[in-house]
Amino acid sequence: MPGLHRTKDIPKNISSFYSALTQELASAFQSKKEQQPLMANPDPEMSGGWEQKAAQGESAVHTCQQKAKARLLLLLSYISGDMEVFAEWMKKQFFLLQLLDWVLRGAAQVMFVNNPLSGLVIFAGLILQNRWWALNGFVGTLFATISALILQQSRGAIAAGLYGYNGILVGLLMAVFSNAGDWYWWLLLPNIVMSMTCPIVSSALASINSRWDLPVFTLPFNILVCLHMVATGHYNHHFPQVLIQPRTELANITWAEVNVAKLFTAVPVGIGQVYGCDNPWTGGIFMVALFISSPITCAHATIGSAVGMISGLALAAPFEAIYFGLWGYNCVLACIAIGGMFYALTWQVHLLAITCAFFCAYLGSAIANVMSTFGLPACTWPFCLSALTFLLFTTETNTIFKLPLANVAYPERNLRFFWKLRKKEKLEREEKEIDEEKWRAKEQELLGNDKEVLRMERMDGKEKEGKEINKMMIQEEEMMEVALGEVSSMAENV
Amino acid sequence: MPGLHRTKDIPKNISSFYSALTQELASAFQSKKEQQPLMANPDPEMSGGWEQKAAQGESAVHTCQQKAKARLLLLLSYISGDMEVFAEWMKKQFFLLQLLDWVLRGAAQVMFVNNPLSGLVIFAGLILQNRWWALNGFVGTLFATISALILQQSRGAIAAGLYGYNGILVGLLMAVFSNAGDWYWWLLLPNIVMSMTCPIVSSALASINSRWDLPVFTLPFNILVCLHMVATGHYNHHFPQVLIQPRTELANITWAEVNVAKLFTAVPVGIGQVYGCDNPWTGGIFMVALFISSPITCAHATIGSAVGMISGLALAAPFEAIYFGLWGYNCVLACIAIGGMFYALTWQVHLLAITCAFFCAYLGSAIANVMSTFGLPACTWPFCLSALTFLLFTTETNTIFKLPLANVAYPERNLRFFWKLRKKEKLEREEKEIDEEKWRAKEQELLGNDKEVLRMERMDGKEKEGKEINKMMIQEEEMMEVALGEVSSMAENV
Amino acid sequence: MPGLHRTKDIPKNISSFYSALTQELASAFQSKKEQQPLMANPDPEMSGGWEQKAAQGESAVHTCQQKAKARLLLLLSYISGDMEVFAEWMKKQFFLLQLLDWVLRGAAQVMFVNNPLSGLVIFAGLILQNRWWALNGFVGTLFATISALILQQSRGAIAAGLYGYNGILVGLLMAVFSNAGDWYWWLLLPNIVMSMTCPIVSSALASINSRWDLPVFTLPFNILVCLHMVATGHYNHHFPQVLIQPRTELANITWAEVNVAKLFTAVPVGIGQVYGCDNPWTGGIFMVALFISSPITCAHATIGSAVGMISGLALAAPFEAIYFGLWGYNCVLACIAIGGMFYALTWQVHLLAITCAFFCAYLGSAIANVMSTFGLPACTWPFCLSALTFLLFTTETNTIFKLPLANVAYPERNLRFFWKLRKKEKLEREEKEIDEEKWRAKEQELLGNDKEVLRMERMDGKEKEGKEINKMMIQEEEMMEVALGEVSSMAENV
């Protein structure tokens, strides 16, 4: 997702006794950061998560056991989060290797995860599900990334996989909804064309959404897959789509027939359906991929899928649709997005995320019914619309803090950013109070002074005008004093 | 509607010989204003309408008859407009009583009326129509308001009923379009859920619309009711909706069969249909409710409904639909919104309002046909879209003045605001002319002076730079003069 | 299209020996320019195209042949581009004649051409196609322009035909899609109503699009024609529309039956379909109209139409639809818009225009299928949406330069504007380098000087604050020096 990547500062002391790989990674870690954010300057003071904990832990340990633990934590810090050390190391590698890194990150970015290892695990899950789909997904990610390079998009955003995630979805879902069967090689043609259009649509949507500091989510994918499906349709010679029709009669729902086991597997299946996969094992693998990068994300994905399943039951949806995970995948994404990704995670935000998941399930049912009129699936429109609504929502409480898009990373780091900001604000408030007291004291002192008139005028100005002009006035004042001093010395000399 | 409420200044002399109620109201009237507008600081100079007239009238009266008249006017001032005196008095009452006030204002805000008495009359009309619907409407308004409180939305906006009006529509229309029959108690569940979602959607839409200083109108209601209806649909076990299908054959229209009496009753029915009511008496009651608060609003509502009816005939709509008020309700709202509510009422604006009503009728037919494809009613989408279009419209004439959203109250007060602004502008223009003349005279005087060069430079600067910097430069100039004076006196002393 | 017109400076020396018409035109040419742009001040330094070339050429020629050539070029300069000399001359004519000029320009503005001669040729083509349609188109343009005058829209925009082009499309297409047959005079009624609504919708959309510096394209036409068609529909007594239904079976496509000759005529037919015309000769006439004003536009129109035809074949569209030009017209407009009209034409932009045409064809198929569900044609929605997407697209390369909307004219002039801007930038860069060197030298000189402290402080300020404040500081500095000089001389005098 745009704005999900940023650079970070470098731990100063990483010990030198680790493995060669670790060393190489560490050196990369200390190399100059080039990765530029998509939309703003990242806070350079924001520091790494696991790695710092590890470093801090390390200095305290003495026994062997503790050492091993520290080593484990450090190793963990290299593979969790957004794997920045790895990203730094990658920058000095062969271009094709870099491209692979970007593609893997792109695959994981569908779930807001900027982590190549997660991407690798996700591809494993896809291969388990269907090799033809996995191939299409890979082609889609690859060409979307290449197209972004050709179109000279922000290098940092490309490296974070932000131009790939729509590509993988386009590739996958075009294969999933194609009625021509697997291994219909001609499909790669529209797949490549549509993937390469992704960065254009992404960039255009970002021009609009950035006005409200909103990400584009999977809107480019939704637009392009719907475009392809409705442009060709079920009755097409070259690229026929599966037949989707609106419901025209009462579904046969007998509560006695409900299969509780299947309802439970609907939770991982719902996570799998984000990538169009109905295999519960694939969904489970995706959960592992999420957990590697961010446990909070994984937890919210599970909650979202469960909320979707419950909503389906509440709205009397056919059981088959629920088992198939169709009620889950949008809620998964919406719950991740609101629950810690774009808002700093507090209890209120957690509740908001669950509300958003329920809203998303409702919206999902609505959009699925509307889209079926045109022979289209719901794609992830419900997620996009509900998440955008909940991100546009404003409130007067300060426990619901929307992160600036440029500072969005992963829930754990977002939290740290939020806490730092709070601490900084508190300090500033305190400082300001002290300053004000000092100012008042100084003012008192100056009263009765012959410079009173001048100063009063300046005060007046200060209240009326902005900070910048204030600074200048102070400079002017100093200049004036210097000038007066000069002149008076001159006058004295005479 | 957002931005429809604002605080106002307090008549200084309200005589003390009125009834206890009047006194209590008057004291409330003088209490500190807390009501904060949704989007900006209201003009504190804007003064009350009827009450001031009354106060002014009063000072002149001597005979008993005149006194009675003044008393009547003052009493009228307490129940017409937005009943601010009452709102002030309410602030010191028990919370549940306040909540009731907000709910009643919410009920009336559907028609842009911020008046609890109107709200009470409207509820009476609803009860006359159908008690189950009235109950649903009440529940909707109540929970929407409570949800806004929980979500910590602007207190002033809540107190003006701006979070309730979508709630009442959601509650009412969900009951109207439910196929499960009256008193199907389960319906209250989605009713409460949807009402409580209203403030979230309202807030999100306001984030977008505020960029163009536009209100959200009834968009949250439209979105949420359509959401509920299409998510469940006609074929649903829990919450079935009435069956709405697109027209597929020529309507049977015989002009000889037109019932003129029914066409005339279509005007109040059209007003009633704003709340989904087809009883002409209910419509009549609603007209009374409008008249209490603002006669201009009432007049435009009637005009709008008539325009809708005429458009229906012009576009060959089935007579039944016209009699049923389906062509009227959107035009009612559009005509009120443009005719004096968001624009200051002039003759040109009046014509614009009628144009907007025609456009709205056309759009209504179009949207009804499109929505029927999905089994949905038109709701008030036509009103929202046509009113937003006409509010986005810009022209070079100054007789069409769009009020800043924060200054929108009710047509009579808006007019007064507009007149004051005009007068102020005129005064400023005159003052400016005088100033310019003075400036020129002063300049003339200074020519030939040894300070000429300096001054010229400053002029240059003045033309190039903004106002703020100008102010500063004048201060600098003064400082300079002080400094020069100081130095020269020093020099002289030497 | 909004922002497509602008004023320009006046060649100083136009020789006096030409025909009376030429003289009159020339005098008009030198008259004061009043034409105000829709959105910004046009660059007054931008000079004419052909006329200047002609003037330059002229000064060098001596032989009769060269003279004739120069005369031809000058004459060409009067009829090509946006015929500004003629527009200036028109300003002093009778109002009805001016109105005719605006209507003709409006007719041509559909293709982004601001040229009354092109408009005349286009009307000729329309008459060749169908007189009733041509009449409706004329009525539409006329009333849209009149409505814009009544609604006090920008005079410059009206004079450039920017309020007429939606009108002609509304008029034409309402006639084309009417099921009541030709010469059904009642149709003029909704035609006039809808045309007169055009400026309102245009203005409203411009309020939104101007936030992203985007034109409104033909969106008002799309909205209003769809509005009219879906509001009345096929089953209407007064204004029945042609029956459009979604595809429900496999089209019969036999590649052996493809008619290559018809495929080639599909290119001009595609251009004709912009105005709803299926006559290839009409299309050819339109190409002439484009060529008169701007050869680049004409070339891109042809390329666009060809791209549309190829896309149709690639997506297995029924041959009849391709022959009928339905795949071409949107691509024609999209290719013109991107290829040199809103972007300065470079090779990269040319490729982008072709990409946009392909995207537009795809989108066209999609939108046609979606709209057919409501019995609607695709209109030019695909063009609008694809062109807006490609105009919102941003990239880091500087070979893709989007012109500010206020500077958009026609591709040839846009290119000149772009080149001038580049040259200016280059000069500025060079100047800046020289300045910096000088500054450094000056600074060096000042080091060791007693003013060092002051100057350093100012430097500091300069880096921190904006340009404007810089200017002021320099002035202050000068004032200070003058003041110091004054004082020191005073001191010396003592």
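A, B and C label the chains in the order they appear, each numbered from 1.
One rule holds for everything that comes next: a residue touches a chain if its C-beta (ideal position, glycine included) is under 8 Å from a C-beta of that chain, and two chains touch if they have at least 3 such contacts.
Since the structure is predicted, the reported quantities are computational estimates derived from the model, not experimental observations.
In the contact between subunit A and subunit C, the residue numbers used by both copies make up under half of all numbers at that interface.
Rotating subunit A by 120 degrees superposes its CA atoms on those of subunit B, with the angle stated to the nearest 5.
Each chain gets one centre point, the mean of its Cα atoms, and the points for subunit A and subunit C are 39 Å apart.
Each of residues 211, 373, 469, 476, 483, 487, 491, 494 in subunit A touches at least two other chains. Residue ranges on subunit B touching subunit C, taken from their complex, read 211-212, 247-251, 253, 314-316, 355, 358-359, 362-363, 365-366, 369-370, 373, 388-390, 392-397, 453-454, 457-458, 460-461, 464-466, 469, 473, 476, 480, 483-484, 487-488, 491-492, 494.
Subunit A contributes residues 151-154, 193, 197, 200-201, 203-208, 211, 226-228, 230-233, 235-239, 373-374, 468-469, 471-472, 475-476, 478-479, 482-483, 486-487, 490-491, 494 to its touches with subunit C in the complex.
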